[in-house]
Amino acid sequence: ARALAQTPGALSVDDLPALVGELTLYLGRGEGGLYENVLEAIQKRNPDFKLNIRRGVTAALANTIVAEAQAGVRRADVFWAVDSGAIGLVDEAGLARKLPADLTGQLKEGFRYDNWSPVTGRIRTLPYNTDKLTADKIPASVMALPDSGLSIGWAPAYASFQSFITAMRLLEGEKATGEWLKAMNKRGKNYAGELGVVMAVERGEVDVGFANHYYTLRLKAGKPDARVGLAFTQNDAGCLVNASGILALSEGDLPVNFIRYLLTREVQSYLASEAYEIPLVDGVVPPQGLPALDTISPPKMDLTQLADLRPTLDLMRRVGVL
Amino acid sequence: MLSVHNLSVDYGSTRVVDKLNLALADDEILMLVGPTGCGKTTILQALAGLIPISEGEITLGAWRASAKKPVPPEKRNVGMVFQDFALFPHLTVQQNVCFRLKDTALADHWIDLLGLSALRHAKPATLSGGQKQRVALARTLAHEPVFILLDEPLSNLDAALKDNLRWEIRHALKTAGVPALWVTHDQEEALSVGDRVGILNGGKLEQLDTPETCFCEPASRFVARFLGEASFIPGKLEQGRVVTAIGDAPGTPVDGATGEVDLLLRPDDVALTPAGAAGNGAVTWARYEGGTRLFAVNLDDGTQVKVRVSHEVRAEPGSRVQLKVITTHPLAVFNRE
Amino acid sequence: MLSVHNLSVDYGSTRVVDKLNLALADDEILMLVGPTGCGKTTILQALAGLIPISEGEITLGAWRASAKKPVPPEKRNVGMVFQDFALFPHLTVQQNVCFRLKDTALADHWIDLLGLSALRHAKPATLSGGQKQRVALARTLAHEPVFILLDEPLSNLDAALKDNLRWEIRHALKTAGVPALWVTHDQEEALSVGDRVGILNGGKLEQLDTPETCFCEPASRFVARFLGEASFIPGKLEQGRVVTAIGDAPGTPVDGATGEVDLLLRPDDVALTPAGAAGNGAVTWARYEGGTRLFAVNLDDGTQVKVRVSHEVRAEPGSRVQLKVITTHPLAVFNRE
Amino acid sequence: MTRLPGSYPLALLIALFALVPVGVLVSLASDTAQLFDTHNLKVLGNTLALMGLTVLGSILIGVPLALLTAYVYLPWRRLWLIVFAAPLAMPSYIGAFTLYAAFGPGGEINHLTGIPTPGFYGLPGAALVMTLYTYPFVLLTTRASLLGLDASLVNAARTLGMSLGMSLWKVVLPRVFNGIAAGALLAALYTLSDFGTPAIMRLDTFTRVIYVEYNAFGLSQAAMLSLQLLVIVGLVLFLESRVKATRERPGRRLTLWPSRWQVNALLTAALPVPLLSIVLPLAIFGLWLVREGTGGFEFSYAWNSAYASFLAAVVAVVLAVPVAHAAVSGKAGRLMERVTYFGFGVPGIVMGTALVYVGLKLPFLYQTLGLLVLAYVLRFLPLAVGSVRSSAESLDPSLVKAARLLGASPKEAFTRITLPLTLRGMIAGAALVFLEAMRELPATLLLGPTGFETLATYLWRVYEAGYFGRAAVPGLLLVLMSGLGLALMLTGERRGEFDVTEDSKR
């Protein structure tokens, strides 16, 4: 990453002001030590900066922030969530501070929001068992999947999956999504989380699954001979790029400057190479094992809209998927 | 001095103790006997304040408790020795005896006197029954109660141990000079240890007197039977003497008995001699008791008499024997039933 | 016929029963007595197969158990009556007695014979101690064991009840014609009920003989003391007679005692008469026992003798009395210690 | 006699305190209109089936192991007991996950050895995992009851010709029914409130529905569903309270002396349980540890875990004492005791959120260790109450009377006699709370001080991220430290118990 020529958008940490003071970060879902390493590195660079981290289930932290606000208490200065839905909840409650345009402007187009900033992206993929299939056997449209005759693993209770259905609902309409779910339900096998889906695919329990891309990449990192490959659909919810996001809850420069650090070249490339997340500022190479973003054609989507989960859940319940 | 006036206790609607009256002199030991369930434990618990009373009054030195105005147990200064000793299992012998004591001199005194010095630091679980008994006694005495209640303090012990301990306790009580109410269902214990004996039946006191009087002049057949082997044989009371089929004896009428009466015979009031084919009765059974033998003899009129004689006398069940009343002291005489 | 050969039992590294040998005739009742902890229960449990044995052999009719080849309890056909009765609390009297029986005729027989008919449908919790005892006995007998073990079957009962039950049990055992091993620590029980008595001390059998022999000719001082009040007074054994300070008597030497010996006196082997200032001893204490009185008398040479006489004889502690050996049957004589 | 027992006011206070989170749930739920969704009927069926099977399974495993550890003369008896109780230290989701990863086609076992094994999923898989991690409740309560029984009934049955097995079945088990029921209750409540295991085993249960709602930010709906779950909890509590305790005089306990080969056979038969529940997860994590390497772990996490759990254990026991004594002294007290059980049957995350609301009312406590400890106490109070109650029930009432007659006021008699004599139950209760607090997750995440990491939160963090190798060290530490807690409990037990060996010294 260091070898890369400097391109506009991606700043280096060296260009940023030193952080001074104390911040409390609510960190939704810990990502085991990798976010940790980033946060530690930031603190190490800024000896006068003290970061208090509270980790938790994303939804629980979002609920806590709302409850705190109702009680007139504010403990968190920054909220970093793996899931844009939680960001939406806090934003809707009117708790998020507006971010400066020069900050949001660093992000790739389509990822610029007023009150929050995406940090890294994750793309919806179809992991498949390489012993049973090749990528070309997988339909290019997610809507065609029910008719493909493949057995499919999914995790309907999982937040990322629900965001994906929300996207489908917005893109294809309520009716089509409902029919798709109904059809899929006949071939779908339920798992608790998408990590479970990827493992099931690898073991051959199902032919193909729905999962965020990084589960597959991480599995392969630990087990290079894993029998799992990644396929992408074209221009539909099946290859939606979603993002983890961060927002500032308290006034002042410090939260904003802290967010700036997360968008630096160093942090972004570290998250890309170690956590297999997709960098959202220009000029940072995407994680290994993932085709370049421009070879994939994700749908255009306002991620904040994905926070509108309620109709999705109702729909999923109605068709008996939940 | 303890005095109990018209004490009654109810459990729910059942009267368990009925109008009990008692008075105890200083350093007197009163034995309370009676069959199981007759209310002995209930009386002790009422005196100790562990259960509420329904009627009557208990006065002891400084305090007076009635149904309306109870006195809590810890204010009564009454000592109690429990049937199962109730030693605190988590405390050593010494700690048990000194429980709540500021001045432990008296505790040491009793520990030494009851031969517990070597066991001071032992826990109750490691003690034998007799040792536990002594600890319970020492604990009670060390707290200088003005009055002591003992609830069958020996019933959980071996027969062999009992006899000694009984006397040890009496001795300790007399040394301390404290009056005591001692509950037992062992008539031997009641007769030998107490200064007076009270015989309870269904919550009522049937007799309260010295052991000798209770044994020799029982107030009722119940008392007579309860205090030892008793045979009743028919006879006729004439001018202070009772004439029966197996001899006559001076008689003391109970409840003004006259004319056709039943004479109370104890096994040692009668002599037994093997009698070949003659005699006035036949042996039903014989029991070897070590130094003595106990015979049950069926008289020819059908009455059964129990006779205790030296183990040197032998008679097989079924054989004929001659019985004869040999006592010279007056025997109790009851109205024919 | 039960025969036990060299039976030993260890708990960990301590030997609790040491090379026990026993043989029991059909329908014989053998009483096993001994101080607490001497291994009585252990022996019964070993015979029943409830604990493993370390050595020896037990043979009973069809089976033979050894340390190597144990026979499980349920295969032994041995009946056991427990100290606390061990009735099944959730079953009625009838169900307890019929436990596992196909044919209940025998159960009915014993229920009737032991007077339990009215209680058939009662639960054990509602029974008195004596009734429980009878149920336990009926249950054991109804299963037609070839051999019965009784572990202190009466120790949890009132003194008043014991005496009757003892005889009821004996009677039932004899009626059933089953041999029995009966453990007790009550010497009176042992002497009166059993056909033979075995005295245990520290896991070893000290004597095994008829009650009379054990009482009158004890094999050791331990046995003598254990079976009843025993006084030892010094004397000289000459040509079958022992001469002592309070008279002489025929003597039976134990362990070949000769010359300077100790004579075993039971309380009824001696006569006591109040003697004003003369006499050969002074009363230490006196106990009223109902029909009799027990005196402890210190002879002028310092020996203490216990004497039992009629309650009509009175003597206060401290007063002088005249003691005299009055027995005519031979007394046991021990080597001077 | 008509005076109220002295423990009532305090117990009432604690019961009300225990109801506070339930009250919060009610106020959260009051936003929703939807009462019950017929969709949930199938889920309800699954929930009840899982609960039933788990209770059955934990009885089937827990009771024989209780018999084994209480009655059989084993070499290293206490060590075996610790081994068999250790699954209580392992979060059940970890067990579910490793079992899933190890078995089945393509699982680690298949991968390493080539031997195909059947996979675990669905109702049977979830029930198996829940059983493996809840049977110690049954084991511990049943064992305590067994130790209080007199041996003579079994001996009587055997000499009447009944085989040992039948005697245990017909004569022993009916008398420890209440002990078994007490353990089964805890197992049932744990099963009702657990989320991870059924989710990993792909079984739709009530908790999953609650989670979906919760994660979709339908907090009020989640609270409503939790309240519905509480109805089941109440039913289970009611059923358990119908089990009548038979009171018996304790006597010499039964000891069985099997031969050496029988001992070996028994242990071999029992071994699969700790192998599956403890050794397998640690082995799988160990395997991944070798594959991936470790990092990021700090020993301070272990200290944090132990410290917070220890405080919770102490406070829980202190609060359990009046509740347990109230339960022993009367009907109303029994009701107060039942109320404290509710906290154990609500899914942790919902309970945790409710407690956030409680905590926010006490700003000086919010996000402090104090509030976390309080949360642990509210959730795990029943574990302590149960143990203390059973030891209070077996206390000889004449001891207190004796103390009173020696001049002690009721209060003094309580502190000097009753308290020390129920110490054994208190320590056992403390150990149970300690173990549960060690593996607790949602409340720890939500309520602990910011930056407060414990073994359980670290385990969760690395598990969530898929860095399973890193779970090996904290997993092992969790088991080891909980073993220590159990050892402590057994020492306390020994203080209250008088062994035959002690008996024989007389």
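A, B, C and D are the chain letters, set down in written order, and residue numbers restart from 1 in every chain.
Simple rule for what comes next: a contact is a pair of C-beta atoms (placed from the backbone, for glycine too) under 8 Å apart; a residue touches a chain by one contact, two chains touch by 3 or more.
None of the values given here were measured: they were computed from a predicted structure.
Path length between chain A and chain B in the chain contact graph, taken as the least number of steps between touching chains: 2. If each chain is reduced to the average of its C-alpha atoms, the one that sits nearest the average of all protein C-alpha atoms is D.
More C-beta pairs in contact connect the chains of A-D than those of the other pair, out of A-D and B-D. Put simply, the C-alpha centre of chain A and that of chain D have 37 angstrom between them.
Here the spacing of chain A and chain C, counted between their Cα centres, is 88 Å.
Separating the CA-averaged centres of chain B and chain D is a span of 53 Å. Averaged C-alpha coordinates give centres for chain B and chain C that are 25 Å from one another. In chain B, the residues that reach two or more other chains under the touch definition are 128. Looking at chain D, one finds that residues 506 touch two or more other chains. Applying the touch definition to every pair of chains gives A-D, B-C, B-D, C-D. Taken together, the chain C residues at the contact with chain D in this complex read 11, 14, 37, 45, 48-52, 72-74, 76-80, 82-84, 86, 88-90, 99-100, 139-140, 143, 145, 149.
Chain C makes touch with chain B in their complex at residues 35-36, 128-129, 158-160, 167, 185-188, 191-192, 211-212, 215, 226-228, 266-269, 285, 287-292, 308, 310-312, 328-329. Taken in their complex, chain D has these residues touching chain B: 1, 396, 398-399, 401-409, 412, 416-417, 420-421, 423, 498, 502-503, 505-506.
In the complex of the two chains, the chain D residues touching chain C come out as 150, 152-153, 155-164, 171, 174-175, 246, 248-249, 251, 255, 257, 500, 504, 506. By the touch rule above, chain D contacts chain A in their complex via residues 37, 39, 100-101, 104-107, 119, 196, 199-200, 202, 204, 208-209, 211-219, 288, 291-292, 295-296, 349, 352-353, 356-357, 360-361, 363, 366-367, 442, 445-446, 450-451, 453, 457, 460-467, 469-470.
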